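These notes open a run of structures that come right after.
Look for chain A in each of the two complexes below; its partner is chain B in the first and chain C in the second.
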Partner chain A sequence: MDKRIPAVIGIAALAAVPQLGLGNYHLHLLITVLIWGFVYTSWSVMGRFGMVSLGHGAFLGVGAYVVTMLWNSYGLTPWLGIPAAVAMSMVMALLVGYPCFRFRIVGHYFALVTLALGEVVRLTIVGLRDQTGGSLGMTVTAVPDGTSLLALQFGERTVFFYVALLVWLFGLWVWRVVDRSMLRYALEASSEDEDAAASVGVNVTRAKLAITMLSAAMTTLGGALYAQYQMYINPETVSGIGISLQIVFAVIAGGLFTQLGPTVGAMFTLLLAETLRVSFGHDIHGLDGTVYGLLLVLFIIYMPKGITGSLAALLTRGRAEPGAPAAGLAPSR
Partner chain B sequence: MSAAPMLEVRGVSAGYGTFRALFDVSLEVRAGEAVAVIGPNGAGKTTLLRVISKIIAPTAGDVVMEGTPLGPVPAHRVVELGIAHVPEHRRLFPRLTVEENLRMGAFHPAARAKFRERLDFVYELFPRMKERRNQAAGTMSGGEQQMCAIGRALMSGPKLLLMDEPSAGLAPVIVQQVFNLVKRIRAEGYTVLIVEQNIQQVLQVVDRAYLLEVGTIKQSGSSAELLASPEIRRAYLGL
Partner chain C sequence: MFDTFLLESVINGILLGGVLALLALGLNLIFGVIDVVWICYAELVMIGMYAIWWLHVYYGVPLPGAIVSAVMVVALMGVLLHRLVIEPVLGKPPINQLLVTGGVLFFLQAAATLAFGIEFRNLGLRMPVVEFGDMFFSFARLLAFGTALAGVLLLWLFLTRSYLGTAIRAISQDREIMPLMGVDPRRIYLITSAIGGGMAGVAASLLVLQYDVHPAIGLSFGPITFMICVMGGLGNMLGGFLAAFVFAQFISVGGYFFQIEWGYVIAFAFFIAMMFIRPKGLFSR
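Coming up: the complex of A and B.
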C-alpha cells in the first residue's frame, strides 16, 4: 500500500504543473516528453524481452497518417480514426510477426525485418503523395475555433497537457500489467531459451505475437497523439529511420528494464536535442545524429541498464541483486 | 506383460537437414519404470528426447503417450500430456530466480492452479532450492542447477520425466549426487526416461536400458544384463 503514495504524489504534482504559470515553451517541452515517453514505453514493452524493433516508425506512421487522412478527407473523428489505425497496425504486426516468430527470426535478423518494415511504411507514405502530400508532409485540418472534442483538437495547450498525461499514465499502467503477468515470465523465458520455454508449455509464437501487437497498438496511439498535437506530420518525422532509431536510443539511455526508464529517456533525448539546437543551431548538419550514435555506443558499454537502471543500482548497492540482467540488449545466445 | 506401455516410440527416424541422426528407433517405457538410453557421443540420444518433446519433428514414425499420438501435438502442449523434459545442460532461464524458474515449470494453465502445492513439494524434496529461491539460477553451481532443472520439470506435475545427460559437465562428486537425485525421483513414483553417457552409473539407478549407437538401437535388456554384456563391458566400461 505505502508504495502507492509516491506515485499518487507524483501524479498530483504533475497534474498541478500547468497551474504554475509555465510559459508555452516549457509546457510544450512537457507535452513532448509525455508523448514521447508514452511512445518509448510502448517500444520497451516488447524491447525489454530482447525483441529489438528498429521499425517502430511504421506504427507511429500508421497512427499519424491514417487518423489524419480519415479526418482530412472524410471528416471522420479521430475517436473512430484511432481505433481504425490501431486495428491496422495490429494486423500489420501480425502479418510481419507471425512468420518471424514461427520461423525463429530473432536478434539481428528480427531487427533487420523491422527496419525494412519502417522503410516500407515511409516509402508508402511518400509514394501516395496525392493523398498524403508525399515528403512535404500534411497538415491536420484545423477546426474553425481551434478547439473541438470531436476533432480531438485543443487550442489550449493546458488541455492537451492533460490528454498527454492521461495517455502517458495509461502507458505506464500497461507496462505494469505486463510486468506482473505470466506473459512476462513466458517472454523472459523465451528470450533466454525458446526450446526450454516451449518444453514447459509456453506457446512462444503466440506470446511474442501478443506482445508485438500490444506494442504496435500503443505506438499507433502515440503516433495519432503526436499528429493531433503537432497538427503537421511528415514521413521523415514519424516513420523515418531516424525516428525509429531514436526510440531505441532513448529507451536504452533511459533504462530498458524499469517502468520510468523510457520516460527518462524521453527527457534526456529532448534536453539533448534542445541543447544541440540552441548551441549549434542548424549550422552543422547531422550533428544530432552523430552525437546520438556516439552516446548510444557509450551507453551500451558503460551503462547498459540506462540512467534509471544505473541510479537504482547505486541506491541499492548495499543489497545487491545478483539476478539483475548484466547487459541490456544482449540476447543470451 | 501387463498393460500397454506409458510411452511408445514407434519406428522413429529423425535428423537435421540432410543429416540423419535416428534410424527406425523403437522403444517403450512402462508406468513406474526407469529406463535409460545409453550410448556414446553423437549416437542420437539427445535427438531422441527432442523428438519425444516435439522440439523437432520425426521424418518417420511416431511417439505415443498413453494412447495419444504426439504427431499433431505442438511442442508447448506436450507438457500437458504429462511429459516433462529436463534438457541437456539444464537449460535453466539463467537470469530468472530459482523460484521464477520453478514458476515457469508450472506455466501451463492446469499446473498453475497447483503451483503452491507443488512448490512446497519441490522445496521439501530439495531444501537447497528453498534456501536459494531468490538467487538467479545462472549463478548457482552445476549440481544445484540440475536440481533446479529437475524441480522445474516436476512443477508441471508430470507422469514421465525425460532427463537428458543429467551428469554432463559436472564434477564426479556432483555426478554421484545427481544420480542420487534420480533415485529419489524414482522413489517418488515418477516414471523416468534418462539418456546418459555415464553408463556405469546410470545402470545402477534404472531397471532397463537400450544401447543406441549411430542412430540405431543395438541392444536392450535389464540393467544387470547390459552390465554383464561382453560388448558393453569392453566398449564402454573398459573392463
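Coming up: the complex of A and C.
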C-alpha cells in the first residue's frame, strides 16, 4: 500500500473539519494548534540536531512586529511585509549563527547566546515604545469590513483555518525534506563529533548555518501568522524567555525526533491549559503554569523522547513480539 | 564640562555590580562544581524575596529574623532542587539538565503566582538617601553593595581556607579522581547546592530592600546573571565577578544616556559580540 494514502486521508479529514459546523471556540483551538504546531515544528527542525536555541522568541518577535509595523505605519501589505521580516530574521540568524558555529559555541554556551538574542529583540521592542507601544503591545489595524486578502485578514475563522492548515502542512513538508536530505546526515554527524564530521568532508559551519536560517525563516512566518490571527501582539507573548522556553518545552513534551511530535506538543499544552482553565476558571492565576512546569520536569526526567517518541517505541516493541522466534529459542532478556 | 550625573550613574553601576557579582557567584559555584546551569536561579531569588516579604509583613517577624529564615529556606530549596531534579538527570546530556531546571523556572514562577498573586509587593521600608557632593545614592544600594562584597569575600575564604572548601574546589577540578581520594561527590554536591541556594537567599534579601517582588521578577535579572557567568567563563568565579561590574556599567551608563531598556540591549549585544571574540569567556587564559 502506498504510504502516502494515510497522510492524504488525514489531510482530507482535517480539511473537512470546518464543514462539521464547529463553534467558534473549537475552531479557535484548532487554529491555535496549527499555528503553534508550525512554530514548534520550525524550532524542532534545528533542535533535533542538538542545537538547542532558547532564543526563537527573537524570530517570532521579528515576524510579528515587523509585519505589523509595516502594515500599520506604511500600509505595506503582509504579502511584502512577511518576506521582509523573513529576510531580516535570516540576516540576524546569519550574524549570530556564523561566529557561533565558526568558533564552536555549542551546548550550554549556544543556548545562552541565543537566550541573549531573544532578550535583545524583546527589549528592543519595549525600547521602541513610540512605534511599538512598548509593553502594552500593539493592535494590527483592521481593514473596514474585516476581510481582505491584501491585508491577510480574514473575518471568517473558517478561512483562516485553511490558511493555518496550509502553513502547517508546509512546515511538515519542510521537516520531511530535511529528514531525507544529506544535510540531515551531515548535521547528525556534526552533533556527535564535529571533528570527525569535518574529517569526512562535512562543512560543519555551513550545514549548521543552513538549518539555523531555515528554522529562523519558518519561525518568522509563524510569528507573522500569529499576529495576523490574534490581531494583537505584545513583547511578552511573542518574544523573550517565556515564549522561547515554551517552544522548547512543548516540542520536548510532544517529541523532538518525530514529524508530528511538535504538533502533538502544541495539542498537549493547549489542551492542558484549556482543561485547567475550564475546570478552575480564570480566578486562579498560575495553576496551569504550575501543573505545566511540574509535567515538564517529569517529562525530561522520565520521558525525554516525549509523547510521540515513547508511543513509537511502545508500538515497535509491541509489533516485534508476535514475530519473535518460537519459545526456547528466544534470547532471554 | 564635568558631568556629575554621569559620575553618579557610574557609581550606581558599581553598586549594582556588587549585587550582580553575588548573584553570578552562586550560579558559577553550582556550575563549576556540579556542571549544571540552574536556569531557575533567579526564581530561587524570587522565592527568597517572597519569603522575606511574607514573614515580615504578614507575621511581623523582625527584618533580620525574616532574612535569616529566608536564606535558610532558599538554601533548603537548593538542596531539594538538587535531590529531586538534578540528581536523576546527572548522567544525561547537558542540554536536558539545562532544560529540566527551565521546567522548574516555569513551576516556581507559576506557583508564586498561585500563592501570592500577580500584584507587586514591597516591604514598605523607607530607606534614607545618602548625599555625597551633589550626588544622591540610596542607602539600600550602599548596604547591598557592602553585603555583597562581604558575601563574596566569605565564600572565597571558605573555598580557599577550609577543608570542605578545598574538597569542593578539588571536585570541580577532577570529578573522577576525587572520589578515589575519599571525597563523597554526592555529599559535596548537596553542600554546594545548599551554599548556592544560600547565596540566592542573600541576594534576595538585598534585592527586596530595593525592588518590589512579583512572580516574574526573576525574568528581569535572570538573563543578565547567565550572561555575566558566560562572559566571565562559566565556572570561573573571578571572571564572573569582574564581568558583573562590566555589565553593570553598561546598564547604568547606557541607561543614563538612553532609556533603561537600551542599557540592557547594549549589554546583551556586547555579550553576543564578546562571545565571538572570546568564546570561553572574557578572562579565560
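As a convention for this text, the second predicted complex is superposed on the first by the 305 of 333 C-alpha atoms of A that agree within 3 Å, B and C clash if a C-alpha of one lies under 4 Å from a C-alpha of the other, contacts with A are read in each partner's own complex, and residues count from 1 in each chain.
Throughout what follows, contacts are C-beta pairs under 8 Å (C-beta built on N, C-alpha and C of every residue); 3 or more make two chains touch, one makes a residue touch a chain.
This structure is a prediction, so every number in the text was calculated from the model and none was measured.
Residue contacts after overlaying the shared chain place A:83 against neither chain B nor chain C. When the two complexes are superposed, the chain touching more residues of chain A, out of chain B and chain C, is C.
When both complexes are overlaid on chain A, the residue A:290 reaches chain C alone and has no touch with chain B.
Residue ranges on chain C touching chain A, taken from their complex, read 37, 85, 88-89, 92-96, 98-100, 102-114, 117-118, 215, 219, 222-223, 226-227, 230, 234, 258-259, 261-262, 264-265, 268-269, 271-272, 275-276, 279.
Interface of chain B with chain A (complex): residues 53, 55, 74-80, 84-85, 87, 91-97, 100, 103-105, 107-108, 111-112, 134-136, 139, 152, 156. If you check the complex, the residues on chain A that touch chain C are 50, 52, 54, 96, 99-100, 103-105, 107-109, 111-113, 115-117, 119-120, 123-124, 126-127, 240-242, 245, 248-249, 252, 284-290, 292-294, 296-297, 299-301, 304. Contact residues on chain A toward chain B in their complex (touch as defined above): 182, 185-186, 188-189, 192-193, 195-204, 322-323, 325, 332.
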